[in-house]
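Each of the next two complexes has subunit A plus one more chain, namely subunit B in the first and subunit C in the second.
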Partner chain A sequence: MSYFDNFLIMCSEVSLLIVLLILLLFDITAGKRGKQYFQPVAILLFALHTLLNFVPTAAGEAFGGMYQYQPVMTIIKSILNVATLIIFLQSKHLFESIKMKSQQGEYYFLTLSTLLGMYLMISSGHLLLFFIGLETASIPLATLVAFNKHCKKSAEGGAKFILLSAFSSGILLFGISYLYGTTGSLYFSEIAPRMALNALQIMAFIFFLSGLFFKVSFVPFHLWTADVYEGAPSNVTSYLSVVSKGSAAFVLMTLLFKLFGSYVHEWQTLLFWIIIVTITLGNLFALRQQNIKRFLAFSSISQAGYVGLGIISGSTLGMTTVIYYILVYLFSNLAAFGVISAIENRTGKIEIADYNGLYQSNPKLSFVMMLAMFSLAGVAPFAGFMSKFFIFSSAAQQGFYLLVIVAVVNTIISLYYYLRVVKAMFINQNEQPIETINTDNWNKVSLVICTGAIILVGLLGFVLDIIEKQSFGL
Partner chain B sequence: MNFLSLFVLLPLLMILALFVVRSRKQILGVMVTGSSLLVLLSAYLAYHYIAVRNSGNTDSMLFTASLSWFKPLNIQYAVGVDGVSVVMLCLSSVIVFTGTFVSWKIAPLTKEFFLWYCLLATGVYGFFITLDLFTLFLFYETALIPMYLLIGVWGSGPKAYSAMKLTLMLMGSSMILLVGILGIYFGSGATSMHISELVHHPMAAEQQYFFFTLTFFGFGVLGALFPFHTWSPDGHASAPTAVSMLHAGVLMKLGGYGCFRIAIQLMPMAAERLSPIFLLLTGIGVVYGAFAAIRQTDLKYINAYSSVSHCNLVLFAILMLTQTSMTGAVLQMLSHGLITALFFALIGMIYGRTHTRLITEMGGLMKIMPFLGVSFVIAGFSNIGVPGLSGFVAEMTIFVGSFENGDLFRRVLTIAAVTSIVVGAVYILRSIGRFLQGPLQNEGHGKLDDAHWYERLAVVTLIAGILYIGSFPTGVAEIISDSFGSLLQVAK
Partner chain C sequence: MEYTLFILLLPLTSFILLGLFGIKLSHKISGLIGTGSLLIMAQLSYVAAFSYFTTQRIDAVFQTVIPINVLWLKMGTNLHIDMGILLDPISVMMLVVISTVSLMVHIYSLGYMKGEKGFQRYYAFLSLFTFSMMGLVLSTNIFQMYIFWELVGVSSYLLIGFYYTKPSAVAAAKKAFIVTRFADMFFLIGILVLSYFTQTFDFGTLTSGDSSIFQQAISAQFLGTSALVWAMALIFIGGTGKSAMFPLHIWLPDAMEGPTPVSALIHAATMVVAGVYLVARLFPVYVLFTPEVLQGVAYVGAFTSMFAALIAMVQTDIKRVLAFSTISQIGFMMVALGVSKLEGHHGLGYMASMFHLYTHAMFKALLFLGAGSVIHAVHSNEMENMGGLRKHMPVTHLTFLIACLAIAGIPPFSGFFSKDEILSATYHFSTGMGIWMTVVAALTAFYMFRLYFSIFWGKEKQHAHTPHESPKSMTFPLVFLAIPTILGGLIPFGQFVTANRAPYAIHMNWMVAGVSVVVAVVAIFIASRLYQYPNKRTATVPTALRGFHKAASHRFYMDEVYLFITKKILFNGVSRVFAWFDRHVVDGFINGIASVTDWFSVRIRGFQSGEIQWYAWVFLFGTLLITALILFV
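What follows is the complex of A and B.
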């Protein structure tokens, strides 16, 4: 294999890097008039990148196994691509104010850098590359959280995020050092067979997982979530809750399979309790939230718990359903955030009570928001119902009935708070509802895509089939 | 393409059409055309079904077809009907049809109302035609969620509270049901979720006990299983008329239908052993519902509690596990569906005129609205079980069938349940005497008009159904009981 072939296998990373560099150069060189077209250029380039890397190629590895490619990674990367694309479509509002206008280039550049980091995390076969990916995904994200530098809450969120994220990376790195110390290697394929149940390795295992649980925001590593979600601009919040969380969940699953396959009973027991606590606490805190972004933050914590149900099963069906769940969650959550960011950026209103009577003034936005809430709650016949059903069945298949029962009880609680938003929009009366918002065309396109997907993805059976063909179990 | 799928496609097409049309006339046009087509389709289905059966076809399910849907979990879109589903489909069509006419003047947001109404209908029809556990559950859930908005937006009284209570209780029970369904599939080791296949893969006994309880409870709550019936009175009282009709008339029957189609048919051993517990609950429900109805003064609450009593009777009869009692249960679903829909329709019409539902504030309405009054009396008599009307046929079959069981426990329970008929007479006759007869209570009521043509159409259709079942029960009973013959055979 020639040196150049290595890059062919990494084609998705390379093409993302090219898009990223073009945008950086465009930002530096373009004049005032050129910058008006920044968003369309970014969207088109990124859409091109998404399309080019849509079809899985044959499995392979590059740089002596540091980089590993499997077809399932194309699927998860495409899902992240689609999510990022939708977020770009929704981002126009962010730069309408004069203060923010100059920051447009940085926004796209930083977002894509974190995406590149996630790509590397997903495809790594070596702990060093994995760690580089993790950091590349975290540090620009902190700047994105603090993106609105004129807003104190945003800065506060950014500071919290970078501190806690650095701390969790430290713990993870500590775990990696133990892994290296006990096995003498950083390659996944060499570590896995050398894992035995001795004290050092168990500690390494715990430290390593803690770092990842932080990213997925499993309870008790969730405390950063609500504040950061609330402080960050809506578009960044949606990126955090969908792309960052989705990639972390997938990476957690593949690492548990690849690196800790021999620890299956241990991590199943561990996850069992963590999932129960995560879903329950996330739900209970979501019940009382008045701020819609904090509300979605806690709901996303409990959603992460549901993803855990697929991970814990450790089967092919488990991986299939996790990917499917992330896919459906992407559309549902982004539909909700599309509406929220449109409303926040135009009117600055982010309380659930502000949504009272929204249907009178904004029937279309309310309709999209309702579908999103229904899909997140797992209400039939929308896609969220199927993804919940499938993820529950993957856990039930392995006999985790108790876990499924806890999850379904929580689904009922979650239904209550999702219906609260629907109730505010449709049932509650309000003399002065939020004025009619005429959102921009890009955002409209994104909402149409999300709505269509919420209705159709669940009904198209082949989607699950395609994912299953590439998935693998323990 | 199997013609059964039309039952799901038609309401979906109606939803699409509603998105396009604008004026009120066009909306009603879509609804009337669509619901009439559904009635015709059910009539065709019933006719066709009888013809095929008469030609000697003894398959347990007719007109079956299946299509692979989600391969990794072996989920199919599978359709097929037996006698019970045919009867229930016909009932649904009648109620959807009459509900459209009852909602003739619904406002505001007419279009949105009918959108949700059609989605509800889609769920109901889909539920009765599918034979795959997943699809069945999917349609079941689809039928539940529109209720939230239908009650919350167009309801009356404490509508937000009632809507939330109803939705949470029903969705909650359906989530328990979900665990049961997963247990049935993975516990049986079958290679698909098709009911006809699962029947041949019974689970181990201990598993059956666990999952039977979950499944029966899950479906039972929708069938107003005591003591989880509390969503029903509030929900029905707050709902707009057509929604009460559809919910009490058809949706609650989904519970009973699911109980025998899934819980009892797939887990016969557990059904046999655990039935006493549930029989006790439903027995209490039958009597309790009737007594609770006596205490009510709101017409809708009276009928809602009466529904609780009758729906518990359905579950009661199903659990008696004899062919006669189960036939009676389906007859009761059918009969109660028509009667309660008629009641709710009439109550809605009376409320629309007098703006009160309290029987203490009305009186002598028979003179002012003879048509509505007489119809109410017919519905009442049928509810009590006067011979010649559908209630008699259903309850007679149930009690005879239940008494067929030799053991003392079931016989005593049956006798206790029979008392509900007497109590039923009390609350029906009392309310008729109170608000239809006697002197006019409120002078303002003297100027009110009788039913309009669209209301008469709905009422007459429902009464015709009640009379038909009451006078010619054998045809219907035969269709139903044939299916149970094969069901109970498989179970044994």
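What follows is the complex of A and C.
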């Protein structure tokens, strides 16, 4: 294999890097007039990248196994791409104020760097590359959280995020060092067969996982979530809750399969309790929130717990349903965030009480928000119902009946707080509802895509089939 | 024959177009869109029928053709739901029936609904109905059929309640929807039971006659009979709902609140025969594996046809007379299916049932459209406001007479042939059944001619303005439908649609035919004595048959029975208990959960302090705790 062929295998990373560099150059060289077109150019280039890397190719590895490619990775990367694209479409509001205008280039550049990190995390076959990917995905994210320099809360969120990320990376690195120490290798393929159930390796295993649990925000590693989600600009929050979380959940699953296959009994027990606590605590906290972004932060914690139901089954069906769940969650959550960011960037209102009577002034936005809430709550016939149904059945298939029952009970609790938002918009009276918001066309496109997907993805049977073809189990 | 897909797509497109943009289009354009798409669809159906009946025969047996079948949903390892198109003799025959009647109704409505508010909506709903009905008959599997079955129900609901400002129309729509939904519930349970045991929804597999797939369903017992019997009986109950068989017939007479062309299309020719079609579709299963259910079909049909015929004799609203006559005629079709066997001459009933379905669709649509024309002229549904109209409405009069002769079974009109086959089949089954159905046939002739004479003969009534013949758009369908009504009986139906799909020659049973013609003529004679010219005898009939007359005009108090069951027993008796239980036990439990949840969520608030040191501490503590748990527990 020639040196060049190595790059061909990692074509998705390469093309993302090219997009990233073009945007960087554009930002540096373009004048004031050119910069007006920054968002369209970024969106078009990124859409091109998404399209080019949409079809899976044959499996392969590059650079002596450091980088590994499987067709399922194209699916998950495409899902992340679509999510990022939708977030870009929703981001125009963010740069309307004069203060933020100059930062537009950084926003796209930083977001794409974190995406590149996630790509590397997903496709790594070596712990070093994995760690580099993880850090590339985390550090620019902290800057994004603190992106609104003029807002104290944003800065606070950024600080909290970078400190806790560093802390979790430390623990993760500690785990990696023990793995290396006991097995003598950093290649996944070499570590896996050398894992035995001794104390050192179990410790390494858990320290390593803690770092990933932090990213997915499982309880008790979730405490950063609410503060960071609240402080960050809405678009960054949606990126955190969908793209960052989705990639972490997928990586967690593949690593459990590839690296710790022999520990299946241990991590199933571990996940069993973590899922129960995560779903339940996430729900209980979400019940009380008044701030809509904090509310969605806790909702996303419990949603992560549901994703865990697919991971724990360890089967092909499990992987299929996890990817499907992420796909559906992406559209539902981004529909909600599209509305929230439009409202926050225009009016600065982020309390649920502010949404009282929204239907009178903004019927279309209220309708999209309602669909999103229904889908997140898992109300039939929307996509969210299907994804919950499939993920429950994958767990039930492996005999985790108790877990499914707990999850179903929690779904009922969650219905209460999701419907609270719907009630605020449609039923509660308000003398002065939020004024009529005329969102820009890009955002409208994003909301139409999300709405269509919420309605259609659940009905189109072939989506699940396509994912299932590329999935694998233990 | 992939082009059959357009038979579904055309009305669907027309529905979407008119549904979305109808309000912006003029009446003329929207009528044209609806009728035009139907016209093309009808042509396609005729071409499909012609090419199917001329080419798809191998060794004298018609083959099933499935031009399109795509996987829609996978459920488990074996079970999957497909969406496709199935062509076999009965579905192709239904294509012709539905497209013909639907096209005629579309044309007729151009005149009948002229200037009505919501004209575009009306055409949108008609298209939706045609799409659903076509989907129903072309289904490749029972689940697809169920989906379209429900869609048919919805569009019927929308059309019955078309005059939604009229409380009686709204009530009728609601009644139709609830009663048929009630039956559909049984249908769905039946489908689920059947598919659970056989692991398939596919009609091809179910009706192949292969007994191995039913092994499990036959061996599983529930309350003394096999699961298969349960399933097939439940599916039949679903059919009785749509086909208005006793005791679920009560919605059909009320459904006459809809516009008259709708009654012609939905409540006479197409939707109400869905139940018959369902039984015919699953006929091999019924006849081979659950003959006891099939006998039930026969008895339900026989009882219903007599019951409805008796009520029809005393109704005074002309559309209600036709409604009960429809129920009675569908009873005929059910009986014919119920007494049929699969092979050769024993399969006469099946053929006769389908034949009657075909001829009945034509003449009953004609009757309804004729009645619509009369109502259009005198602005009333009541017989007492009519009379002597033959001079004013010659075309309506003549076509109506032809249809009456057909339904009464007078040769050489189409109804004579199909009804005669049904009667032969019932005599073949048992003499008692044969006599019973012959009596119903006599009653049919009587009440139809009572209707005919009351409208077109008798004393002329005072009207606000002189009644006049309807416009061309309304008389053309009448004349067009009169053609199959006259000539339809001459079609060698046995060559095309039979129980085992092999052709067989129809033999006239002259004995049966002679008897039925004689009783029909006698019945018509009596009707003419009573109603043709004004006379004193007319008034004496109700007094002579006091008790019967009163009971029959109250439709044997079936609606009252339903009201008693729902209002008195369900709402007052059962619901009260449940309401108490719901309020005090269930709500109490749920409120309990809510307050516990609430209590917890207040308690744990401190967890989320906002201090980063605390966060890191919890993180580390969590990691260590998990390690300890895995290592030591």
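Things to note:
Going forward, the second predicted complex is superposed on the first by the 474 of 474 C-alpha atoms of A that agree within 3 Å, B and C clash if a C-alpha of one lies under 4 Å from a C-alpha of the other, contacts with A are read in each partner's own complex, and residues count from 1 in each chain.
Quick note on the criterion: a contact is a pair of C-beta atoms (placed from the backbone, for glycine too) under 8 Å apart; a residue touches a chain by one contact, two chains touch by 3 or more.
Everything quoted here is computed from the prediction, not taken from an experiment.
Steric overlap between subunit B and subunit C is present once the structures are superposed on subunit A.
Looking at the shared chain after the overlay, A:Thr411 reaches subunit B, while subunit C stays out of its contact range.
When the two structures are aligned on the shared chain, A:Phe221 is found in touch with subunit C, with no touch to subunit B. After overlaying the two complexes on the shared chain, residue contacts for A:Phe167 are found with subunit C alone; subunit B is out of touch. By the touch criterion defined above, A:Ser210 lies against subunit C but remains apart from subunit B after alignment on the C-alpha atoms of chain A.
When the two structures are aligned on the shared chain, A:Leu317 is found in touch with subunit B, with no touch to subunit C. With both structures placed on the common chain, the touch criterion links A:Val379 to subunit B but leaves subunit C unconnected. Legend: residue contacts after superposition of the two complexes on their common chain; A:Leu144 is shown touching neither subunit B nor subunit C. Judged by the touch definition given at the top, the superposed model places A:Tyr401 against subunit B, while subunit C stays out of reach. In the superposed pair of complexes, A:Gly461 makes contact with subunit B and with subunit C alike. It is stretch 381-389 of subunit B, out of 345-353, 363-371, 381-389 or 399-407, that runs into subunit C when the two complexes are superposed. On subunit A, the surface patch touched by subunit B in one complex and by subunit C in the other comprises residues 416, 461, 465.
Taken in their complex, subunit C has these residues touching subunit A: 71-74, 594, 597-598, 600-602, 604-605, 607-608, 610, 612, 614-616, 618-623, 626-627, 630-631.
Residues of subunit A touching subunit B in their complex: 317, 320, 374, 379-381, 385-386, 389-390, 392-393, 396-397, 401, 404-405, 408-409, 411-412, 415-416, 419, 422-423, 426-428, 461, 464-465, 468. Residues 68-73, 75, 123, 134, 137-142, 144-145, 148-149, 152-153, 159-160, 163-164, 167-168, 171-172, 175-176, 178-179, 182-183, 185-186 of subunit B touch subunit A in their complex. On subunit A, the positions that touch subunit C within their shared complex are 159-160, 163-164, 167-168, 171, 199, 202-203, 206-207, 210, 214, 220-221, 223-224, 226-227, 266, 269-270, 281, 284-285, 287-288, 413, 416, 461, 465.
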